[in-house]
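By written order: A, B, C and D. Residues from 1 in each chain.
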C-alpha cells in the first residue's frame, strides 16, 4: 500500500518538480497540495505541464491540512518550515526542501539568513562521504523522520570536490567554484532581474565575493567530507537556460598527487552510485544531459601547468538539486529502494 | 580623405562584425571584401544583417586582391595570415584578427597550434600595463604597420587580472578563470557541437584542464603585466547566448592587501580608459550590457573568507574581443582619434 | 515477457528520444541500437543524456542486425526505410519515424521527396477522426505490422484543425497555419543555418509558400478528417528553443457556427483522449508545458471580428511529434495498453 | 546647433533604446531623463548598457521638468501622455511612444484601452501609403509638433501587407497574421509570465482571438492604405529572444493576380525606402538580422496552392518598432535628414 503524501508550497518550481516526479512514483501517492497566494486554484492552472493532476486543487498551507499524511514535502520560503513542522508529529516523515534545517552552526544561520534558528536535521545527500566514518551520509537517513534537502548549488560543488578532499588529495585551502546556473533556482517570483528580457542573451553574476546563502552550507559539507575547514571562492552566474547548474571547481593538488590517484578516488566514491555518473577521462558534463533527471554528471582532470584538480559537475537544480534529492532521501527514510521513481536519463536535446 | 580598407575572411562572424563597425567609421572606407568558399557571392547574402553593403561582392582571398589598400583586416583561420601578409608591403597596415602573430615564444606556438611560426607582431591591447614600463601597450601601436589582435577570451581575463598583478597586489601563482562564452567565438563553422539543439538549454564546458589555445597567450599577457610567470587554471563554458564572454577570475591576495588598495589600483589603471569601465563597489558586469559595443565592463571585490580577489569582466567576444579591438588598434596606428567609429553603449535588453 | 526491440538510426535526435522513452517502458526491451557514421561507438558517447544505456554499442544499420526483434523502430533519413523494411518479415512490427510510407498519393511523394516510392503504411495518429467512419484511426493500427509515424509539424496542425473540419464547422478552403518550431526537428546535422549562433536571438522562417515536405501530408490528413480537399497556407518559423512546436492555425467559420458548437466538437473529439488535452476557454497552450511528454495541448477560440476559428496546438516535436507517437502506435499494434510507458507531464520550467 | 531633448519614461526598455540611438545622433542632444519609481537614481544604474550617459540622473516625470526642451520623447504607460503633453506648448515637438494618440476612432480607444481619450496625433509611420493620396504618410509629419509612434506589432503587420492592399492585389477580408515576438515589447515589468524561467524553452501565445490592443490600430492602418475595412486574425506568440518581431502574414489574392505583380508593387512601395528592405525572391527575413537597427526586412511570395500572398516582416520591436520610428519621425518633423542617427545594420549573430 502506498504512502500518502502532501506537498506544501506546491505552486513554486520546486513544488512542481516534486509533483512531476511523484506522479510516476509507485509507492508515494500525492493526496494534498498546498500553496499560499494560489490557495483555492486548480493545480493545473498554476502548473499547466502537470496534466497528471487534473483534479487537484491547492489548499492553504497549514499544519491542519498537512497533518495525517505519511510524508510531507515542504517547498517553502526559508524561515517558514520550522513552525509548521513542529506541529507535525514524528510519525510523519517531513522532507524540507528549504534552508531552515541544513546548517549545523547557529552563527552561520544568523549571518546568512537571520531570524529564529530551528535546529539541524539529517542532511539529504546520501552520496556524501564523511570524514572518519565508514559509511556515507546515506546511513544517517535510514528510519529518520526529518530530513533537510541540500541547496542546489551546494550539491553540485560538494559532489565535485568531496572525494578529493575526503582522501586528502587536494588542499582544503584555496578552493574555487564558478557556477553557471539557470534562473529557476531563484524561484517563481516576479522580479525585474529575473525577467526573460534581462536574462536572454546575457550572463549575469550575482552574490559574488562570498555573499550567496549557499556558502556556509557548502563549506560545512566539505568540512564534513575532509575533516578540516576549507576556504572557497564561490561565484554563481545566471545564464540563459531555465534549468541546470554547471559547477566548475578547482583545488590545489596535494604534494605528489597525480591524475591516476584522483581518478581512482572518484571511482571509489561514485562507482557504485546510481545517481552520480563519473565520466571517462577527457569527457565533461553538460547540463542539458541531466535536465529532468536525478543524475549528477561529473568530469575530472588535472591542469598540470596550474597544479590543480578541475572537477566539473552538472545537475538539474530542480532534479538532483532539489526535488530528486528529496524523493531519494524519502525513499531511504521509508525503507524503499533508493532509486524508486527517480529518472536517470536527461531530456535532451 | 578616408583610408581605403579591405577585409579578408569577410564571410565569418569576425569579418561581419568588422564590417558592421566600419560602416559607421568616418575615416575608414571598405572597398574590398574577400572570402574563400563564398567568393563570388553578394556580401548581403552571406550577412543579411549588413544592409549598408548592398552592392559589395565577395572576392577571393589573395594578395593581389588585398594589395593597394591602406588597411587590410585579416579574419582568417590560424596559419593563413603569415603567407598572405608577407606579400603586402609595409605601406599597408595589416591587422590580424587571427592567432598567428600573437605569441612571443615559438614553443608556445608549436605546442598549441603547430605549423610554421611567422613571428610576433605588436599586440593590439592598448590598455595593457607593462611591467617595468612607464607607458601602456598603446604606445607600441603608434605608427606600426603590423598588429595582432588579442584572442577574445584572453582580453577578458587579461583586463580582469592585469591591474592587480601589475602592482603585486595578488600572487601570480594560483590564478583561476572560468568563462561563460557564446558560440560565435567558435566561428561560423558547421559542427554538431555548435548546433542550436546542442547549445540551447545547456552549459557545456570544453578545453578544460588547460587545453584551450588561448592559454599561452593569456599567461604571456599576465607575465608582461606583472613581470613574473603565472599559473592559471582556465576553463571556458559555452552557454546559450550568441555573443558575450563573462570571465570570472580569482587571485590570492598578497599579504596585507585590502579591498581599498585594489580599487585604487583598478581606478588608476582604467579611470581614464574610454573602453574599460570599472563598476562601483558591489556592482557586477553582465554580458548583455556590452553586446555590440567595444566596451569591457569590470567589477571587482574581495572574498574575505577565501582571501581572494574576485574580478569579473564582461566583453562582447566579437566587439572588444575581436573587431572592436582591431579597429581601435587601427585608429592608433593610423594616428586617428583612438575611439573613432567605435560603439560605447551595448544593445540591451 | 517483454518484446525485444531494435532502434535503427539511434544516433539522431528521434532515435535518442525513442530510447529515452523506451528506457522506462515495462514491456518493450531495447536489445539493439544501430547507426551509420557512429557505428562502433558506445551509445552513451553519442547520447550522454541516456545513462540508462551504459553498456550498449551502436551497430551498423543492416537488415541482418535488425532481423529477429519483435519490434524495429526506424529513425532514418527519408528514402532509407523502404529497402530495409522489405527485408524484415511480417512477424516483425516495423515503426517508421521517417516519411517514406506516410503519403497515399505517389505524385505527392514524387513532388516533395522524389526517388522510389515504397507504398503507404498504416498512419500512426490514433486520435485522427476519419470522414465517413465510425471509428478513429486507432482502429486501423490494431494487429498491424507496418506503421508510418506522422511528421511532427503535421501532427500539430492536424490535431488543431481536424475536429472542426470533421464536422463541417469550418470551411476546408483558406486554412492557415504558422508554426514556431525548435531546431531539433531538423535533426542532428551539421549545417550553418542550424548553428546556435544563427538561431539564438532570432526567429527564422523557412520553406515559406508551401515548400515544406510536410505540406502534402497535412493536407492528406485534413482531407481524411473532413472528406474534402483543403487549401492551407503553412509557414514554419525556427525559434530559439531546442524542442517544441506551437501551431497557430485558423479557419473560416462555416455559416452560423458559434464558439459553443466548436467547443462541443473538440470535447467530443478529445474528451476521452489521454494524450490530447483540450484547455478551458481562454487558456492557450505553451510548448514548454509539453516538453518531454507525449501530450498535445490544444486551445481554441473564435475571433469574432475575423470570422475565424483560432486553434493553437503545442507538442514536443520529439515526443508526441515523433518518438511518443511511435511508441503509442506500437502499443496499439502489439495489443498493449495504449499509454504504456508514455510520459504525460511536461518537464517545465 | 543641436536640439535639446528630454526623454520621459527613460527607465523602461523603450526609453533605454531611445537613449542608445540618441547617443550617436548628431543633432539631438539629451539633456534630461525622467522616470517614476526610479527618479533620483543614476541612469547608468538603471541601464548599465548606456555607458555614454555616465553623468545623468533620472528626474521625476513632470511637465515642469520636461518643459523647455525642443523635443520631448514620451515612453510612458498608456493613459499618461495626454495630460502631460497638454502642458507642453506647441513650440515643443512631442513624440509619444505610447498608445494614447494613435487611434482615430474614440470607440476603438474605449473598447481596447478605456479611460479618457486625448485625441489623434499624426501617425509616425513615414512609409505608409495612403489610399487616395499621392504621397505617403511621411508628408503628414513635416513641421508637425505632435506625433504618435506606432505600436511595434502594428508596424510589422502594416509594412508586410499595406503595399498589396493599397493596390487591390489582395482582398481586404480574411487577412491573417501570426507574430513571433520577444518579451521586451511587454516592457520592464515584474510579472511571472515574463520571467526567464517561463519563457526560455517555450513558445507562449497570448491575446489570441483578437484581444491584443494593437488590433484596432493595425486595422486602421490597413484601412488607410487600402481604402476599405479589413478583417484580420492576429495572434502574437512570445518566443525566447529578448528582442524582435517576425510577422508572418497572409492574404487571399485578388482574381488574376500573380507573383510578378506583387513583387512589382512591393518594389514600387519600398524601392526607395532606406529603412524598408525588400528581399529577393526566395529569401526571407530573420529577426536577428535587424536587431538594434531601424530596418524592417520583408520577404514576399505566393503560395500557389493556397491562393495566398505570404508576406513576412522582421523588425526590432524596440528599433523600427518603437525608438527608431520615434527618432525617424522626429527627424522629419524637425526638417532634418530623415535617416540621421539611425542604425541600418543589425547586430548579428
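Going forward, contacts are C-beta pairs under 8 Å (C-beta built on N, C-alpha and C of every residue); 3 or more make two chains touch, one makes a residue touch a chain.
Chain-to-protein mapping (UniProt): A, B, C, D = N-acetyl-gamma-glutamyl-phosphate reductase.
Keep in mind that what you see is a predicted model, and the values were worked out from it rather than measured.
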Quiz item: Which one of the chains is farthest from subunit D, going by Cα centres?
Solution: A
Quiz item: Which chain pair is joined by more contacting C-beta pairs, B-D or B-C?
Solution: B-D
Self-check item: Chain copies touching (subunit A, subunit C) - same or different residues, decided at half shared
Solution: same
Practice problem: Could you tell me the distance, in whole angstrom, between the mean C-alpha positions of subunit B and subunit D? | Solution: 35
Exercise. Round to the nearest whole Å and give the separation of the Cα centres of subunit B and subunit C.
Key: 45
Self-check item: Numbers and ranges of subunit C residues touching at least 2 other chains
Solution: 13, 184, 188, 197-198, 200-201, 240-243, 285-286, 288-289, 291, 348-349
Practice problem: Write out the stretch or stretches of subunit C touching subunit D in their complex. | Solution: 174, 176, 178, 180, 197-198, 200-206, 208-210, 215, 231-235, 237, 239-244, 246, 248, 250, 252, 284-289, 291, 299, 301-308, 310, 312, 314, 348-349
Quiz item: Across the complex, what residues on subunit C touch subunit A?
Solution: 13, 16, 20, 23-24, 45, 47-52, 184, 188, 200-201, 242-243, 277, 279, 283, 285-286, 288-293, 295, 297, 343-349
Self-check item: Residues on subunit C engaged by subunit B in the complex (per definition of touch)
Solution: 13, 182-184, 188-192, 194-201, 240-242
